[in-house]
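What follows is a group of structures, each given as structure tokens.
You will see two complexes here that share subunit A, one where it goes with subunit B and one where it goes with subunit C.
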Partner chain A sequence: MRMSSREVSSSEIKTTQPALTPQAFLLAKTKWRWPEVAFWLVAFSLIWLMPNRHLLLNEIAILGLFALSIDLILGFAGIISLGHAAFFGLGAYAAGLMAKHGIGEPVVGLLVAGGIAGIAGFFSSFLILRGSDLTRLMITLGVALIFHEIANRMAWLTGGADGLLGIIIPPILGQFEFDFRGATAYTYSLVVLFLLFLLARRIIHSPFGLSLKALKDNRLRAGTIGIASARRIVAIYTLAAAYAGIAGGLLTQTTAFVSLEVLDFARSADALLVLVIGGSGYLYGGPIGAIFFKIMKDGLSALTPAYWLFWMGFALVVLVLVGRDRITGFADRLFAPVVALFGRKAR
Partner chain B sequence: MSVLALETRGLSKSFGGFKANTDVSLKVQAGARHALIGPNGAGKTTFINLLTGVLPATAGSVWLQGEDVTTISPQGRVRRGMARTFQINQLFNELTPLETVGLAISERTGFGAQWWRRIGTNSAVVDEAAELLMRMRLGDVMLRQTKVLPYGKQRLLEISLALACQPSLLLLDEPAAGVPEDERHEILDIVTALPESVTVLLIEHDMELVFTFADRISVLVQGMLFAEGSVEEISNDPRVKAVYLGEEAHV
Partner chain C sequence: MLTILFDGIAYGMLLFVLACGLAITLGLMNFVNLAHGAFAMAGGYATVVMVNWLGIPFIFSLPLAFFVTAALGLVLERTLYRHLYGRTHLDQVLFSIGLVFMAIASMDYLMGSSQQFYKLPEALKGQFDVFGVGIGRYRLLIVVICGLLALGLQIVLAKSLFGARLRAAVDDPRVARGLGIPVNSVFAITFAVGSGLAGLGGALATEITGLDPTFPLKFMLYFLIVVTVGGTSSLTGPLLAALLLGITDVTGKYLAPQFGAFFIYAVMILILTLRPQGLFSREK
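Moving on to the complex of A and B:
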């Protein structure tokens, strides 16, 4: 009985949708597109092609990962945060303190940094379950300020305003020594970014990821079809915090230094700007935004060392006033095939 | 006697000093086509929110298939077989109908929290979703974004989404509200063709739909149950007429 009705329906699909069965349609959405492959090929080839810019590239990869972690909550679950640096900083200090006290192996350090940040994310996620966007902004901002002040007060542990000195990072997995030009650092950060990107990509294309999109779209209805929204939000917030912690750990390990800057409000705000520049909700916004942000910052500060922040601010005001939608709308028309291939929904 | 599909005992809800629902005791038989009617502001929406657990009751209890669900979360009530539609569309505008219905099916079958599996690899979920959408006359639009669908199709998706939860009790909140005349029959056909196994409580304003569809009617006025009976009894009840005529006189 069931079988026969299924057969009927699939034959009907063929008559109405000759090109795509429902299953093929869903699977096609998750396929790798060539610009995605090209993006990562270029990123990895820069290890050999731009040996003089490895330090900058390393910063971009770390900022990209940090912005990606915000994209997970903002772009996919609709949770806005102005305090994500709390988790970045926690991971940075965790990696730094471990290295200082003898457990310097970078991969272990990263796992611990991510784990600790994830635990902090888990507990603070309960604070952002209710309320409006404004409430969330204030709560996340508040949490980050608390973390900053704790790190400042616990100077005996963190080094306070002077920063944590005496961090020595041994070779990765005992094999790859960090060098002064940053070749190892960039390779290491890029590999970590890539692996975490793969995981994030898998997650957003899963039933769990789809339920997040549904929550973002209409939380009321999501509840009435049985989605336990609170649990899903706790899960993604925890994951995003772990990602941020790993990004922080990477910064510590590749620069062998941590200071209170890792917990600065400016760091949270920068990452949010990166996401505004790159666009949220398609996973590449973080990495792409980070490229533009760093290049703009680098270029502007070379042109006008004293006033680069002015131009940065100017560019952002224009970006927001003209509307990123309109700019990308223009880009969409110009590069419509490319953008579509990146898997971004057409507007 | 079989177990009641739904029962409320002395259900009340106040917002500050305002009593939206007062002592509502309603019994809905299993398999019934029960309609809850009442003029604007009678407290129908509050009542449905109490049933689904969106609002906590001030007093009284809600029983689903003989089980007290008063303190159970909205999600818990969905898992126990209560699904609803909304008077104003509450859909996922960015998703396609296929994804929308697939979500509810995944959730019901326990795959909703899987994060390691790609969407579409679970063919049981996809097949069930496609089959349901075919049946609901959404087959030709199931791969399009919900927000671009005509309003009538969106109303059908509202009902499909509730049915995807395989409810034993379906709460329909004005299913044909705002649907243009020429698309209306499609909604009515679907509603009348709902399987016997599903008990339906229809919250409605439109008397024509109620009289063609329902086998039992309860009338809610000013937050209180005002009358209850068969279609015959209610349509001939002078007090009910007075309430409705009185209201129409205002309009």
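Moving on to the complex of A and C:
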């Protein structure tokens, strides 16, 4: 009897012990863990380790950034979007048009691409404040279709279905020239991805990021403790749109070409699949999912080039049927120490 | 001008046939099934195979297309869909997009990526004049079929025992089960009928919209517009929305082709922003 009561009291102490002050709690979450450091070290070392694969790596970095931007709204604010390609495409065309008409400096181009996409995101975010998942899904899809239609109709500006030709990208900051093998391209994309990732990480771990999570879990309850949900959704949606625009700008600058493909529905769906593979809500889902996605796509396209779409659909169906939670749960158990070190809260 | 209006009405009716199955699965059963168009495509291809390869007369191939797709829907419901009824909308969206992609690639593999046609019987070709308004025979057929369907569905859903059971099963599956309603089979039958209607719509649509493997993606938004703009409280809403959409689309294409589908998307966004529950639905 005494033993058990002592056990109870000791376990009570155990549960109350990690109760930190809010500041300490937030600080503990923002601490860098070694797998995170390792992830970025490996990513940067690939610049020298895999010089033959730079073009693929560049695509992975860009897709990772795009998926990260969706993760910001899906994983942290719970907004389902089927039309995020709208902002990707807007950024891509903005960067392409600037380069075509003389202002080719890549960094300036990226900032403008992100800015324009952000402005578009800001205005369209007001459309998704009300309604259910379904209405939001349709509005995002509708916005993307409108953008696609505009780009298609304004062929005098965008080149229409033929794509925007004649883009010449000068060296980055006047120093680093783009090469054919993609070394500069990959380095450039990776640096941009890393910087934007740092920013996202900072934002997510801020009180603002925490309030977003509260919103995602229960909007009504979040409202009653004084979180202005509308303003926060506008803010994160704008930010995510800017990220997507920058990703689009990167694609244009590193490939010196834009076509209507950047606005395709398939691009939004691709990025969603990336997030399903990588898991959402812990920021690394985008980059990690992009790696698996691109490797899978590369391998399967080599096997059956025309029917890659089938395998992509198959992957989606299986992943959902098996259960995204179960997969991440399995991964959680399997890589529990690693995942915990990545900073993901165990469920 | 009146001919355009009639074409618009026929197109809207066609959209209703295509989407009314979705109005039931999405509206009543609350399942976001983006793969609805894939069933329509299956119906279209089934008709093409039956008419062109097997030589079955067009009129008989229509009900056959319904049954083929309904069977397909039943199999998929029993094996795949039923696991996802209770899941989040995100899961349902991802799952059904996956199905769409698989359907597109499979059809591409089986039938090729080119447009498919079938030979209409002579009796359905051409048009005749009613007080100076040119009316296409085929379009008239669509209007008649769709009118009958809308009436029949409304009666079944609102008046029949099955309709009452379905509504009960949707409102509260547990209590419905407790009352002895076979909820699983009710859902399965409903889903099969919904898919079958999509297949019938696809069979009818081939002549008007064309049929190729990208059909499910091209018309996905149209179906969703019909259901969400129409609201889900009855079938009248989707019917009116389908007519509105059809007339707007056809008129737009005749009068201002340079805008494409731009106008429709814009109107949809406006309506959904102002009335997220749909035009013709009561606030929930």
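The working rule: the second predicted complex is superposed on the first by the 320 of 347 C-alpha atoms of A that agree within 3 Å, B and C clash if a C-alpha of one lies under 4 Å from a C-alpha of the other, contacts with A are read in each partner's own complex, and residues count from 1 in each chain.
Keep this in mind: a residue touches a chain if its C-beta (ideal position, glycine included) is under 8 Å from a C-beta of that chain, and two chains touch if they have at least 3 such contacts.
Bear in mind that the values here come from a model prediction, so they are computed numbers and not experimental data.
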| item | value |
| --- | --- |
| Touched partner set for A:Leu41, first subunit B, second subunit C, both or neither | neither |
| Which of subunit B and subunit C A:His205 touches, first, second, both or neither | first |
| Contacts of A:Ile139 with subunit B and subunit C, given as first, second, both or neither | second |
| First, second, both or neither for A:Ile103, with subunit B first and subunit C second | neither |
| Which superposed partner A:Ile295 touches (first subunit B, second subunit C, both, neither) | neither |
| Which of subunit B and subunit C A:Val320 touches, first, second, both or neither | second |
| Subunit B versus subunit C as contact partner of A:Lys213, first or second or both or neither | first |
| Subunit A contact footprint on subunit B (complex, rising order) | 52, 54, 73-75, 78-79, 83-84, 86, 90-96, 98-100, 102-104, 106-108, 111-123, 126-127, 129-131, 134, 139-140, 142-143, 161-162, 164-165 |
| Footprint of subunit A on subunit C - complex, ascending | 26, 32, 80, 83-84, 87, 89-91, 93-95, 97-106, 108-109, 217, 221, 224-225, 228, 258-262, 265-266, 268-269, 272-273, 276-277 |
| Subunit A residues within the subunit C interface of the complex | 74, 80, 82, 126-127, 130-135, 137-139, 141-143, 145-146, 149-150, 152-153, 265, 269, 272-273, 276, 306-310, 312-317, 319-321, 324 |
| Interface residues, subunit A side, partner subunit B - complex | 5-6, 9-10, 12-13, 16-17, 20, 22-27, 29-30, 202-203, 205-211, 213-214, 217-218, 220-228, 231-232, 235, 345 |
